[in-house]
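I have a structure here, written as structure tokens, and I will follow up with some questions on it.
A, B, C and D are the chain letters, set down in written order, and residue numbers restart from 1 in every chain.
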């Protein structure tokens, strides 16, 4: 195809250029350069849309991919290959991801120009936002783990900067450090996994890893007693866990809301957390080879459930959304774990869109009333109609109400999980995965609607409260200051655009996630057709294409992947019937669970006929409010008890053993040595050596004083005389 | 014929002015005689077909070094600047006296004799060959040699010149006491 | 290889006639030809130098709305002859404490330095005494004798005004040699040679082929050259060494009679030479504005006329500048040289080098016409 | 007009330079002597290049000698001027600061 550097590079480079310009000249630009950042993301969006259009609308077949490399540096010597290639790898998944990231990021930028207006950190915010986006786009474009890791770390840095952007607030600084440090735990493991892979196959390119898996290069290799595939897969998944805030490394994500809300939207929706899931999907063949899928599924299930329970009692609107993000990421991991590759990726996309919309809506609410505690809101429906509409669409989507995107994707994951847990003949203990998944789905519907009801329905509680514990300190601007919301291209049009895409049929073509209720033809099921787990066999003996060369692969239709409508799995499956049953049960169950969750929320917060949770389970609520004491666990137990004790033990060892025996003993030895050397110095060196030399020099001095007269011309004479005598005596 | 004439003129100019440099008591005049001697050497270069070297000689010495010398003489005109005695062996504090001239001449004579011997023996090792009279266009060839064979020396000399420039400026700049 | 006047003339038939006249003695003939032409050129230049003083007076009078010399000859044109006679007949005074040797030597050196440059001045394609390989380089080198002569003149007079003028003059001349030389070096770079034959050969034909219009850097180089040359010849507004109002007359305060005349003559001829070099390097010299396939003596004379026209136009500009701009201060003079002209000249040199590499030495006109 | 004649000229020049260097007590005069010696050496190079090797390496060498002489003169004269600022004389035998 006609893809050259010029048509791919701007996706990544345009935001980078915007970052550089804003970083150095941002203050001199009008509006501190926010328009530049937004424009750059729009350029990325245009180029991404072109690639997306080519990949989706029939130009390429399902298993088509673009892979172009260039040598970054080459330290090979002799037969030792030590060379790092960088490159671009775009397949269907990356094409969809690019469009999602750039589109969502563009809308977030657009919204931010309104949200951050007149903020003191306006300029700085628009320095890091495009860098963040470019790092994510680069991560999606990269063809190997090495460059992925680079962008991964750039994103870590950007999230650190964005979370701690209000650097005058101590909590913001703490939260940014926490996010940075927690994700660093995962990053160390990711690096370890990369090194393990490099050791075996000498490359970290996706294509090489797939080919190595297909050729069986991993077989029989072990690292510290564990099979290499398991080790490297586990390490890489741990990296993904850190970035995607999986249990138990989820503690940073709720605190990440200390930053401005659009920044949170970018972190929670499109970029940072998606990277972990994206990495897990990319390395899916390795996970399968390493037999890690059950671990991933269980991790995801625990995360999904625990985060959902915590979200039940949060009162901060952004905290609810943060925990819902963790919970939804758990669902994605379940999808990866139970082999529902397509659905997991679909959930990544749908979640990115509705979660971005939710966060932006929350930002709109917070910015309008300068308040983010839900008990002090209520009845905002009248003031913020557009925000309400957008947020309602997204809530319906995340709660899993039919016809909305969340239902489409989550239901497919849950259906596959049901099959995985009960019917596929796995370890019966793995039934915990669908159980926790369904429970979490119900809780999701409940807490999301709780949030909606507390925020937008009921009476306006703002003027009754004079609680000044919240952070913004705008107590004197209460309800009467809220202006009715108007349709504005920067405030709510982004929300409305995003809410359009919360409808399910954009992604599935059917109204439900499964094959029931088809409304459009097979063409609209593009997502299911295009995305599939990488088939490692096709990567064997792939030739590399140098960057800058035009595409040599034929653009004719390659044979399409077999898509079986009933299962969602590629390829024929002997358990079709069971899977079909599981999906039917799953769909019905999730609909019932979702509606009952919504109904319960309605009873509790609108009708008030059921007492709130805190009255029913006071102790448990306290636990939930403290987020299962995870933060306390990390700080009090691991750091204070564990690390401090270790430190004290080490210091005792240092003082007692090293100091007493080694240092003091060495001093005694030195004292003796000093006495010996003093005698030697006085007698031998000083008397004989130094004084003797002096006497000898004095003797020579008598001669040299005559020669070394300090008169240059005398030296000339000597020089010439000696030269002449040489010539005479050597007789040349 | 021209070349012989030029050789004779240049050689006599060179040697004559050099002797004048040695015997003149006035340092200013010495500088001017040095100028004459250097121009004579440029003429000798011209007789050897080295037109570029000859012109460079004039350029550097006449346009640069001799004027620099004259400036230095002007700037260092202290109490013993002008010699009062103009005859060779008279009293001249800084320009040498009969003792120094005696030593200098004797050493010079020794060296002269030594080198005459040397030249005689060298001419056996390097017998004079008969070549064409002129190099065609030395400018182009010297340019090629400078950037090909002798490029390292060329670059080093540029560094040397820069260092000398900066060093001279720093050494000679007026300082507050 | 070096082309000389003799080797040029030897292609004509009358050369053989002359040769037989001299009894087949080529050396003698060549010597005679050189002698004759040297006499012609020196006489011509002396006349030009003399006329220069007249022109200067007339033009300055014009600028200052006076009449100027108008008594001797028609329009006072013979004024310079009268001045010359006056100078020769004046008493030759030497200060008692002057350094006699250097006092005599200085005007001679000035004249030697200036007249030596005439050997390579290209009056036309053929009428050039010796088209040396190192032509322009030789011209720069030998004209630096003038700096020495100014210095010596100042020193030898044993007068404070002369001394200051000499010091100023010498430092000014060696300072301004740098931008001038670098500007000329850029043209050498474009022409690919130092001989005037090479440089003029590249500028044949229409004025768009002049090096002035070769590229923007060469265009700037011309002005750097011209300003630097003004300073090098101690012309206003750079006439610090002989500033009448402060130093009486600078380094030639103590000179009278013909010795003063030598200095004045040297200065005027040097201005002429500098203008000639400017016209040869940048303005195409004596090249006809069209290309010819044949070469005859009258055509050479036409070339001489063209060359003289260009040179005298520049000469006029020099005089014009003198009577238009006020004199600079000493520190301004040095800062103009070292802080402005030299960096600009170096920038031009680099720019020219880059131009030669990038466009393979083609001029703008060649690039526009897409060709060769 | 042979190699020997050039060598003799350069030898005489060298010896005169030597005499100047030894007999003069003025530092500038000594520098004059050094210039003469350097020129004698450069002349030798060009003469050998003309009469023995017939290539232009000798020319290049003498060019480098001229360059080095220029640098030497600049630095040397700067030192002389500095010396004069300190000692108020340029008598060579006054340069005795290192002797004590």
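Operating definition for what follows: contacts are C-beta pairs under 8 Å (C-beta built on N, C-alpha and C of every residue); 3 or more make two chains touch, one makes a residue touch a chain.
Note that the structure is a prediction, hence the values are computed from the model and not measured.
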item: Those chains which touch subunit D and also touch subunit B; value: A
item: Central subunit by CA centre of mass proxy; value: A
item: Distance between chain centroids, defined by C-alpha means - subunit C, subunit D (Å); value: 33
item: Subunit A and subunit C: spacing of chain centres that average the CA atoms, whole Å; value: 75
item: Separation of mean Cα positions, subunit D and subunit A [Å, integer]; value: 73
item: Shared-contact residues (touching 2 or more other chains) in subunit B; value: 52, 56, 64, 71, 100, 103, 107, 111, 115, 138
item: Residue list for subunit D, restricted to those that touch at least two other chains; value: 18, 21-23, 25
item: Per-residue overlap in subunit C, given as positions that touch at least 2 other chains; value: none
item: Pairs of chains in contact (touch as defined earlier), listed by label; value: A-B, A-D, B-C, B-D
item: Subunit D-facing residues of subunit A, complex; value: 710-713, 716-717, 720
item: For the subunit D and subunit B complex, residues of the former touching the latter; value: 1-9, 11-26, 28-29, 31-33, 35-36, 39, 42-43, 46-52, 54, 56-57, 59-60, 62-64, 66-75, 77-82, 84-85, 88-91
item: Interfacial residue positions of subunit B with respect to subunit C in the complex; value: 1-2, 26, 28-29, 32, 35, 51-52, 55-56, 58-59, 62-64, 66-67, 70-71, 74, 134, 136-140
item: Subunit D residues within the subunit A interface of the complex; value: 18, 21-23, 25, 30, 92-93, 95-96, 98-99
item: Residues of subunit B touching subunit A in the complex; value: 100, 103, 107, 110-111, 114-115, 117-118, 121
